[in-house]
Amino acid sequence: MMPSPVISARDVSLTFPTADAPVHALKDVSLDIGPGDFVSFIGPSGCGKTTFLRCIAGLESPTGGTLTVNGMTPDQARRARAYGYVFQAPGLYPWRTIAGNIALPLEIMGFSRPDRAERVARVLDLVELGQFGGKYPWQLSGGMQQRASIARALAFDADILLMDEPFGALDEIVRDRLNEALLALWAKTGKTIGFVTHSIPEAVYLSTKIVVMSPRPGRITDVIDSPLPRQRPLEIRDSAAFIETAHRVREGLRAGHSYD
Amino acid sequence: MMPSPVISARDVSLTFPTADAPVHALKDVSLDIGPGDFVSFIGPSGCGKTTFLRCIAGLESPTGGTLTVNGMTPDQARRARAYGYVFQAPGLYPWRTIAGNIALPLEIMGFSRPDRAERVARVLDLVELGQFGGKYPWQLSGGMQQRASIARALAFDADILLMDEPFGALDEIVRDRLNEALLALWAKTGKTIGFVTHSIPEAVYLSTKIVVMSPRPGRITDVIDSPLPRQRPLEIRDSAAFIETAHRVREGLRAGHSYD
Amino acid sequence: MGLALVWLGLWGANARLANLAVTAEWERLRRFAVAAIFGLTLLTVWEMAVTVFAVPQVILPAPSAIGARFVAALPMILGDLWQTLVKGALSGWLIGAAAAVLTAIAIDRSPFLQRGLLPIGNFVAALPIVGIAPILVMWFGFDWQSKAAVVVVMVFFPILVNMVAGLAATDALQRDQMATWSAGYWQSLLKLRLPAAMPLLFNGLKITTTLALIGAIVAEFFGSPTRGMGFRISTAVGQMDLALVWAEILMAAIAGSLFYGIVALIERRATFWHPSQRG
Amino acid sequence: MSRVLPVLSVLAAIVALWYLAAVGMNAAWVRDQAARAGETVTAGRLLRETMVLERPVLPAPHQVAAGLWEGVAGQKITSKRSLVWHGWITLGATLAGFAIGAAAGMILAVGIVHNRAMDMSIMPWAVASQTVPILAIAPMVIVVFASAGVTGLLPKAFIAAWLSFFPVLVGMVKGLRAPDAMQMDLMRSWNASSGQVLRHLRLPVSLPYLFASLKVAVAAALVGTIVGELPAGATQGLGARLLSGSYYGQTIQIWAALFAAAILAAALVWLIGLAERITLRRMGLSR
Amino acid sequence: ADPLTLQLKWVTQAQFAGYYVAKDKGFYDEENLDVTIKPGGPDIAPTQVLAGGGADVTVEWMPAALAAREKGLPIVNIAQPFKSSGMMLTCLKESGITDPKTDFKGKTLGVWFFGNEYPFLSWMNHLGLKTDGGPEGVTVLKQGFNVDPLLQKQAACISTMTYNEYGQVLDAGLKPEDLVTFKYEDQGVATLEDGLYTLEEKLKDPAMEDKLVRFVRASMKGWKYAEEHPEEAAAIVLENDETGAQTEAHQVRMMQEVAKLTAGSNGALDPADAERTVQTLLSGGSDPVISKAPEGAWTSAITDKALK
C-alpha cells in the first residue's frame, strides 16, 4: 500500500486577473507527492512551476481545487514551519551580512545562539562560501548570492524543501557538487523535496518523480517515475536507464512547446 | 595579418576595497577580442566574469592595466553607444510594461516612434513573448523576465553585445531555439559578442573563442579557439570536434575549482 | 553689478573645489570648505548690499554687526538655547517621534485602526501650530513643557506619514520569505519591516529636526518665561535690537544644523545599505 | 461601509474621551466660580456647567461643532464672519506657496543630485534656512515686501513656500538617489543623458518619496500661510481669525477656526493621496 | 487726494476709533487726504514699519518710541490724542496682594513684551524689585494675547488695559470684588500711550508737513466725534474689522473707556507729560529703559498748525 501522500493536489487551478485577459497560470493540476519523494518540475518558462510551488507553500491561494499538505491546508503547514523555500531570485536582505541573512530564519524560529552559529558555519561551507559570511549581499557575485539563499533554506531542518531553480546561476562543477550534496542531505534526512529546474539531466539525476508541465493554460502533461535507484553516484548519468528517462522528459518538453 | 582587435585588455586588474580584506576580482587579465568574435566566458561563480564584462562596458574602472574598445577607452565607447548589455538579473523597470521596457533604450537613443514600435514587436517575437508586451514585469515568470531583458538589449543595433548569463533561467528547448536565433543574428550582423554562461555545451556551441576563468584572484586560465565552423546546425553538438572542445573546457573548469 | 561679480567669482572657485579629485581623508574637509565658501559668498553679498543700498539697521543689520552682537551676548544666547532647544525642542522631538513610530506600527498592525485612525490622525496632526500653541500654553503652563507639547504635535505627522510609507516599503519577495518561515507579526516587523522602513523613517526624522526648533521658538511667542530664543527674538524686535534678533537666528541656525547633522550621521550609520548611501 | 465603520468608531471613542476631558479640565473653573459665590457644586451641576462655559479650558465637542456650523453655514460665505471666506483666503495663499515651494524643492533637489558643488553648498544652507524661526522673521518679511510695494497674497505665500520647500527637497534628494545600482548601470550602458536618467529612472523611483514629502509640505504650507497671516495686519484668513479669537479669549472661536484649518489641511493631504494613488495606478505600481 | 498710510499699534478695535471715524465720516476727505489704515498685531513693531517705509505715521507708546530713538531711529511725536494712561496690573484677590511695595515679592506677574514691557520695568525699578525670577524679586511671564493666565491662575497678576483686558476678565465671569487693580497712573509711573509718530526727515519736507497737519486735524476731529458718539464709533470700528471677531458689546465698552483717556487731550502733546514720562523711564534702579534724556523726540510744529 502507498504511504499517504505528504502533498496532495486535486484539480488545482489558479487564474490571475490582469488588466486585459485573465492568465490561467494553473489548470486542473492533480499530483500526489509521498513522504521522502524528490519531485522535479520541468517545463517551458511561464508554464506555472513557480506558481505551483507557491501554492504548495501557501503563498498563493488556488482559485479552484483542493491542496493538502500533511493533511492540513498549505497555510496551516506554513504556520507549522513545514517548509524551506529557495526562491528563484536570491532576495537577500541588504542590511544583513551573508551570515546574518542565513541566521535570520533561525532567529525567527528561536534557535539558540550557539546552535545558530554552528548551523550558519555548516551551511556556508556546504555552499562553498565559508569566507564570505561577513560580506554584504551587494558585494557578492550573482551565483554567490544564489548559493547564500540556498544555504539559508537549508540551515533549519524543514521537512519539505521547495527549491525554485536553485542552481540556475551556477557552473557545471559547483552544480554537480551541490547536486551530490543535496542528494546526500536528502538520503540522510528523508526530506520531501520539490525542485524546479530547466536542466533535464539535473532533473533525471536528482528525482524520484519528474513532473513535466506545459503552458497556456499551465498544466501537467507527464509524470515520470524514475527507474533509478535511490543511491546515485555521478556516473549513473551514463547508464541506459538515465538516458532513456532523459529522452522521455525531452519528448514531453518538446510536446509542451509545440503548442506555441 | 590579424584584424586589429575590437576589445583589447592588457594586464587588467580590479580590486574592491571592502571593510575587511580587499577582494581581487580581477588580476592581470589580458585578452584580445577581434571584430565579429563570439567570446564565451566560463568559470566558477565569483571568478570575475561579471566584473570583466562590466569593465569592458565602462561600468567599472579597472584599478590596473589598460583596456581599449575600438581604440577608445571603454567609457568613450559607452558614450558612443557601442554596447548592448544583458545583465545577470532581468532589471526591468516595474513602472513600465514589457513593451515599454524594451522601448526605453530606443526612446533614449532617439529612435522614431514607428521605428520603435516595429523593433519592439520584432524582438518580442524573437524571444517568444509576443503576447506579453502589455504586461508588467511582476506579472511575468522569472524566465519570461529574463527573455524580456534580452529583447531589450537586442532592440537597438549595438555593435558589441555583452550578455551575462542571459539564458540561465530558460529551459533547454527555448534555450536551444534562442541559441540558434542568436547565432543567426550574429551571422547576419557580424556583431562582436561577449557571453557569460555556465553551460559548457552552450559555450562550445556558440563561441569562436572560449575563455576559462578561475577565482581568487579572478584571472584567465585558458583561452580556447573553437575548431567549429561558423555555420552551426544544432547537430554539430554530436561532432567529435565539439565533444573534444567541451572536454577541454571541462578540464579547464575543473582545474580552476581545484584551488579551493 | 559688483555683487554679481563677487557671487560669480566665489561660486566658480567653489565649483572647481567641489569637482577636484581628493583622497578620502580630505573629503570631509573639502565638503566643509565648499559649504563655508558658499556661506561666505552669501555673507559678502549681504554685507555689500546693506552698505551699498544703505539699508537701515532696524530693517536688516549687516553681518558684521550681527557677529559683534553674537559674541557680546553669547552667555545669554546660550542660556536661551538651553531653554528652547534642549528643554523644549529636543524632549518634544523625542516624545513626538516615539509616539509617531508607535502609532505607525499600531496603524499598520490593525487594518481596523489603519482605516479608522489614519484619516483622523492626519486630521489632528494637521491642526496648525499657531492655533494650538496658545491652547497648549494654556494647558501646560508657560515653561518648557508647553513648548515640548507643541513640538510633539508638530513633528508627529511628518514622522507618521514617512513611517507608514516606510513600513509598506518591503518588496513582495522579502515578505514571501518571511511567510515561508512562518514569522510572527513582531518577528517580521523587527527583522524585515523596521529595517526596510529606516530610509523613510530617517527622512521624517530629518525633516522634523528643523520643525522641532521652529515649533519650540514659535510657541514662546504665545507666552513664556523671560528666557528662550523665541522670547528673546520677539522682545528684541520690539526693542529694535535687530542685531540681537539675527544673533539669535544665527544661533538657531547653528544649533539646528548641528541637530540635523547628527541625525543625518546616525542615518548614514543605520542605512548604510541603502542605494542612496552607497553613492 | 467597511471604510466608514472604523472611522466612525474611532471618532466615537475620541469624542467620548473628549467629553470626559472637557469635564475634567473645566471643573476647576466651575468649582472656583462656585466657591467665589459661596456655593457648593453637585456632580450634576458640574456636568451641566462644564459643557456650556463661555471660556472653557477645553470646549465640549458640541460647542466646537456649533461654532464651526455657525462659521460655515450660519453666515453668507462672503461675510467676514464666515469661516468659508477666511478659509478661501488662506487656501489661495497656501496653494500659491505650496506650488512655489514644491517647485523650488524639486528643482533644487534635481540640481543637488546632478551637481557636486550644489550638493555640497546648498544642502547645509537649506537646513540652516529651516532653522530660522520663520515667525520671527515673518513680520520682517512682510515689512520688507510691503516696503517694496508687495502686499496681500504674495508675502504669505512666500512664507508658506519657505516652509514647504524643505520637506520636498529632502525627500526628493533621497528619492532621486534611490534607484539601485543595476537600474543605473542599464542607463549608463545606453549612455542615457542625465536628463534622460532623470526622466525615465530617477523620477519614477522617487515618486513614493515625493508624495510622502508633498503631503508633509502641503500641511507645512498651510502652517506657513497661517503664520504669515498673524502679522500681516491680522485682517483676513484663518490665521487672523485664530489670532483675534485668541486675543479676545474666545476659545470656541479659536477651536472652530482651528478645525476649519485642519479640515482644509486634511482635504489637501487627501487630494495629494488621491493624486498618488492615481499616478501609481497609471504607472502600474500599485498592486 | 493725497495718500497717507497710518500704522496702528494693534488690531482693529475701539482703541483706534478716532482714525476709523475720521475716515468713515469723511473727515479725511474734507482735508483732501486718502488715508490707508493698516491694523497692527502681535509682532508688528510699528516703529519698524515706519523705518521700512511701510507707513507715514504710526500709533505708538512713548517708551517704545524713545527706546527706538535711542537705538538710532529718528522718530518724533507729532501729536498725542491720549492724555492719560490706561495701563494697570490686575491681580486675583486670593493671591493676597494689597500693596505693591510689599506684596509683589516672590509673585508671578504677567507682562506684555515686544516693546510694551518698558512701563512695567520702570515701575519695578521704582519699587526696587528685580525681575529675574530670584526670590528677592518677581517672576515675570511673557503674557500671551489674552487674560487666560489670570483665569488659569498661572500668574498672580497680569497686565491689563482699562479699556480692554480688564473688561475681558469681567466677561469671563470674575467679579470686580474678586480682583485688585493697580493703575500705573495711581502708582505715579504712568507713561504716555498711543501718540502719533513719524520720521524726522518727513517733517523736513513742507508738502509732507502739510499733509501731516491736515491728518492730525482730521484725526482729532474723529476722536472728538467718537468720544461723543461711542455707539456709532464702535459700530464703525466693527464695520472695519475684517476678522469678524469683535463683538459689539465689547467695543462699545472699550469706546467708553477710551473716551476717558482721550478726554483731556486736544491732540497737542503737553511737554510736562512727556518730561514726566522721560523721568519715569530714566529714574530708578540700575537698569533704566533709556540712558539719557532725548532731544527733539517731540515737536509741536504739527499740532500748532493743526489746531490754530
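First chain written, first letter: the chains are A, B, C, D and E, and each begins at residue 1.
The criterion applied here is as follows: a residue touches a chain if its C-beta (ideal position, glycine included) is under 8 Å from a C-beta of that chain, and two chains touch if they have at least 3 such contacts.
Computed from a predicted model, the values in this text were never measured in an experiment.
Identification of common neighbours of subunit C and subunit E yields D.
Counting hops only between chains that touch, subunit C reaches subunit D in a minimum of 1. The chains that touch subunit B as well as subunit D do not exist here; no chain meets both.
Averaging Cα coordinates per chain and for the whole protein, the chain whose average falls nearest the overall one is C. The greatest number of inter-chain C-beta pairs in contact is found between C-D.
Taking the mean of C-alpha positions as each chain's centre, the chain lying farthest from the centre of subunit A is E.
Taking the mean of the C-alpha atoms as each chain's centre, subunit A and subunit D sit 52 Å apart. The geometric centre of subunit B is 84 Å away from that of subunit E, both derived from CA atoms. Remark: subunit B and subunit C have CA centroids separated by 48 Å (rounded to whole angstrom).
Counting partner chains per residue, subunit A shows two or more touched chains at residues 89, 138. Of all residues in subunit D, those touching 2 or more other chains are 57, 135-136, 139-140, 143-144, 147, 181, 230, 243, 246, 287, listed in ascending order. For subunit E, the set of residues touching two or more other chains reads 42-43, 45, 48, 52, 144-146, 148, 152.
Across the assembly, chains come into contact as A-B, A-C, B-D, C-D, C-E, D-E.
Within the complex formed with subunit C, the subunit A residues making contact are 54, 57-59, 78-81, 83-85, 87, 89, 91, 93-95, 104-105, 107-109, 136, 138, 156, 162. Every residue of subunit C that touches subunit E in the complex is listed here, in rising order: 56-59, 134, 137-138, 141-142, 220-226, 231, 234-235, 237-241. Interface of subunit A with subunit B (complex): residues 16, 18-20, 23, 42-46, 49-50, 88-89, 128, 134-135, 139-144, 146-147, 164-165, 168-175, 198-200, 250, 253-254, 257, 260. Listed in rising order, the residues of subunit D touching subunit C in the complex are 2-3, 6-11, 14, 25, 57-58, 116-117, 119-125, 127-137, 139-140, 143-144, 147, 166-167, 170-171, 174, 177-181, 208-209, 212-213, 215-216, 219-220, 222-223, 226-227, 230, 238-239, 242-243, 246, 254, 257-259, 261-263, 265-266, 269-270, 287. Against subunit C, in their complex, subunit E makes its touches with residues 42-43, 45, 47-48, 51-52, 64, 67-68, 71-73, 113-117, 131-133, 139-146, 148-149, 152, 154.
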